[in-house]
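Labels run A, B, C and D following the written order; every chain starts at residue 1.
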């Protein structure tokens, strides 16, 4: 049994819900920590009008006593402020599916007579709960010095370069930017491009990077296909609305290079530690974390809803029709950062719980210290050479 | 409960095993069908010497009676011809981890005193069982007119273009090519590049494409994060050794384009069917198959084992050391095609079983016919317009 | 992927939550249907004072649009009326674990400094959500003519006999009885015994029977250990607070009888149908439902909290101490009927979804009709004998 | 991710297979340890003729290097000696389903045209692999001083009483008895009863007890319904062929007693430890192990195959017919002991792995010592009273 979560709720329903199950007891948890990430999800250039309606705040409905997790399931709720406006109101039937959305596939799958149920559940509104769950998981990881952060690498065709800028710095700079890009120069270009696209009644996607720092070696496994860390992370990231591509490190670039240029050589550091000469593997070798930063790159498609109508068919009239506009973002890329961070944090939290075992932080922390110590000690040069075996 | 499989076995152990569980009864299954795919996995330019040692053949140890599946678990075995040579022989301890491999991460995770156990299980030899399991899943899907095929898109920096060449044609041409590239011109360049890299004692990766044709709309779901089809497919593909990037359709390219250029418009076809004006979504919208070909692109890293030694540290002596060469491929990309096909087929088979339900082909086939019929009929223009609701 | 549910919430927290995931679309669902079962859970002789405080009513927070399930996760909430009284109030630390409760084991597991968190989550208050989830599952099953009902067989040492009273009748009579016993004579004895036990400041357990009628043959499987229907039902029933024993049919009695007395002979009925000459197997043979009523018997222990103090140790003072009384039932057996019904219904709903497949009732109903028809037709004597193969 | 296993293979197929996944590395494992339990499964009064044909021996096909587990999946195989006799031979179609078996339900579920496939997979021959998997799990548990043993409590109507005989002693005495009953007097009665039933061409079931000693408090949880230890154990035990009832401790007896007679009082032992005044809870309170022996009682039905024909219908002729005898046991109860031990050990091993975490015994052992120490220390009376909080 491991960490698991499910979410529920529709875009305009009374509330969104998530249950996160399997966290240890004894984690001090302030709801503001969740609210901060919920706010991060609502900010950014290119955000549509709905975000001005909602100011998401979480209610913790279970799993917390005296400000600490109990080991019981955490029940999280975000009320939809927009619900009351919809309640009772006769919402018009939607019959012309928007290409790129779940409108048509949902109706085909579930036999809907109206496309609205597709929109309501498939909507990225659901990512609110991913952020809430993820904020808790990030907080849990932070107890062990593990940090998960993210930033925008590209918006549309504008791709930023950050050189050797350390990850912690990237995270910090991105937070100060309304496009969540660590480099102000690129950020300006991105902002301008977004304004342009809004003028042109179009939308933009982009590329995000999520990085986990301080992850101990040994999470994930090659022992079985579904235990590989890349596999689990890819599943988590690709489960987010609009995410259609994932790579661990610069994988597509690596695929075009000779093997000798791609591997991260191993050398001796001070005090007998092992030092990696690069991180083209993105922190994972053989399906297992190797102690380097885990670097994930995710391709987000441009939002399918555009003010410029697209070609579709009205399923009611059986005739060609333009798509109708539904309130939406123009470029949701900056807002996606906390969502992806959250999903990565969820997977790493699960793996860390499996590695450490136990049911409370009190039980887990000494084990983690031991794990850290073991690694340092193992690689200590003791003159007798047997580096890492006890 | 759904379709599941696990594999077991080491690279030089007595045999590899897989159990595939949840297939319906009544599927006629000839072991030669598995053997054909096992052979496909052993062929291709750039293949190392081991493939001349092994001629993999499957034994079906359970789940089949009178040539038909029973609904019980299918037990598959491939004996390692190489095992006898290793048995009894004193294999030298391996102490210098090769960068890019599981050597070091496995030892750190499992506390090995020798790196060999990492190699033995993490080895791509395990993909033999993915191919075996996948061959069965592809055969199952073929009962419903669903075909999963693949080919090589790029080897190193050589990237082929196929224009509008139909997928079925690509599959056929790729099978005739020792680099599994449908275009002979590009194939020649790839072949030359591989020879060059072998001369240079280096290795190459590349990009593979796997395509599923004939998949009905409605597989996968947006109802929960872990039910999304992209997520499940990404997990399956990224679980394969050396695969580090996945995209659905040209996702990274889409990320750089405006929304209006990326969506696949919907128009009316003959007999009232809906026709998509493109497939940039790669056959999946809202986490659900949309009836178009499902197109997956996978980045495979160059093999980490190179004849040219790489920098590492001997964990026994505690000193820097070059990597020792272990028998390996120079460019395994062509051989990877049936592995990736197999993993895609596994996910789709599971989803199809969930969609159709039932415990035997006799039960499932009429349901599938109904599903197909419903779709055609649903979109029939009957003058009364209500297109797809019953 | 299949039907799943998780619950969250504490006994005196703001609310209880459940998410039920994997239901098909198109199930009309009235919240009163859930409320009726919630009320059933709150009634019965031997009920403690809390039940007069709470009048549980469900809120559906997700998964329902226009009164119909959407195929998305159903989010259910029951607000704890008692919460406001507790909020802010300084609840006294509890330090003397009550034998038979989770007080001590929870504290040992999770490292609690106070026993209250154990009580709060381990409390049978959580069964509220089992009932809510179960009410939905029963309603789903009822669309296919499947009925799950229950009644009390024994309270303390009073064991009722019902002869050949048909199950539907037992259900109806039990609903009219405040001890949920179908036989008025035995009900009187049970009621008297409960009064006596209340006088004696003690508690009583008992034996419940849950029966599922109309279940088609073919649910569950012998193909893998964790697919067996008995196994899944036992897990579901034994997961309910205070349930410590389960048998399918009269299993413990059967264990004492010769084989020839225990099996349910097969004979020919009218129109060529097969008729079973008994149901000592409790409706399951070889891990698969056989079409007969599924009969489950569950042993519920007497509630561990007694007005008569029991021996324990105060963990704070380190000295022997009597248990402190916490508000509780005297005999919760009658109230447990809808809980157990719910758990059985959940398992059967999951199995039925696997058997029928599909994503909406529209898709599933014709398949079920076909399943029923197939069975009748298969066993029709057509003079040509080949009874059940198509 | 946790410990999991699947089995495959038919009664007369070439071999039975199991894959056990999730064991830590570094467990020294001798195949003879498995073979010993396989032999235990083949012995006992009341055993049918097949057991004289097979002398089951396990082959370890994966997961073991240099006699130690690697952390990779363990692949176990038992060849069916009987297979060669069946191979090629034209086995007669079986068309008259035996009541109490999977014959009919399997055919209905999977659409078989012959009843044999039901028999082949549903057969208790599959329990061979449960025993093999279980032997490994017991061996793993033994590294932590946890012992799982079993014995026969009742055969038919003969129910033994053992008074206060310690469990370890019961295990030892049972092993010396061909009916696996610790008391020679009762054993004689059981043996006589079995001979009588063989004469009468009938069969017998019985009641088995499996006990786990040395299990630390804190396994299982009340946090979620499917994490409760009773639930998981019941599922495991009821998944074994012919097992139809399970209770934790004397649950059905407890159900008839007042609450004050049933709970296991807590008192102070020497050195400040807590001592339980009984074990009517069977070692589990609130879904969590409490440190006392876990006592499970299982009802096994008499084997359905009897030399005395039973009433059935030939599905081919459509006429009433007697059952045909298939080679079978007369009383398999003694042989079932190692099967049930194995299933209990599997669940406990999984729970222990979750509690301790880690990937190797080297990592887990100090954590277990800490767990044991923490318990003792926690309950030490230090004059300052705060007993178990750190």
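As a working rule, contacts are C-beta pairs under 8 Å (C-beta built on N, C-alpha and C of every residue); 3 or more make two chains touch, one makes a residue touch a chain.
Owing to the predicted nature of the structure, the values given are computational and were not obtained by experimental measurement.
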Of B-C and B-D, pair with higher C-beta contact tally: B-D
Identity of the chain that, by mean CA position, is farthest from subunit A: D
Cα-centroid distance, subunit B relative to subunit C, in whole angstrom: 43
Centre-to-centre distance between subunit D and subunit C (centres being mean Cα positions), rounded to whole Å: 25
Distance from the mean Cα position of subunit D to that of subunit B, given in whole angstrom: 38
Junction residues of subunit C, two or more chains touched: 6-7, 21, 71-73, 109, 111-112, 121, 218, 221, 223-224, 226, 359, 362, 390
Parts of subunit D lying in touch with subunit C, wherever the complex brings them together: 6-7, 97-109, 111-113, 118, 121-122, 130, 154, 156-157, 159, 197, 200, 202-207, 217-218, 221-226, 228, 230-241, 243-249, 251-252, 254-260, 262-268, 272, 274, 276-277, 281-282, 285-291, 299-306, 308, 310-313, 315-320, 375, 378, 381, 385-390
For the subunit C and subunit A complex, residues of the former touching the latter: 4, 6-10, 13-17, 19, 21, 24-26, 59, 61-63, 65, 70-75, 77, 109-112, 116-117, 120-121, 359-360, 362-363
Touching residues (chain side subunit C, partner subunit B) in the complex: 1-2, 21-22, 71-73, 218, 221, 223-224, 226-227, 353-359, 362, 364, 366-367, 370, 390
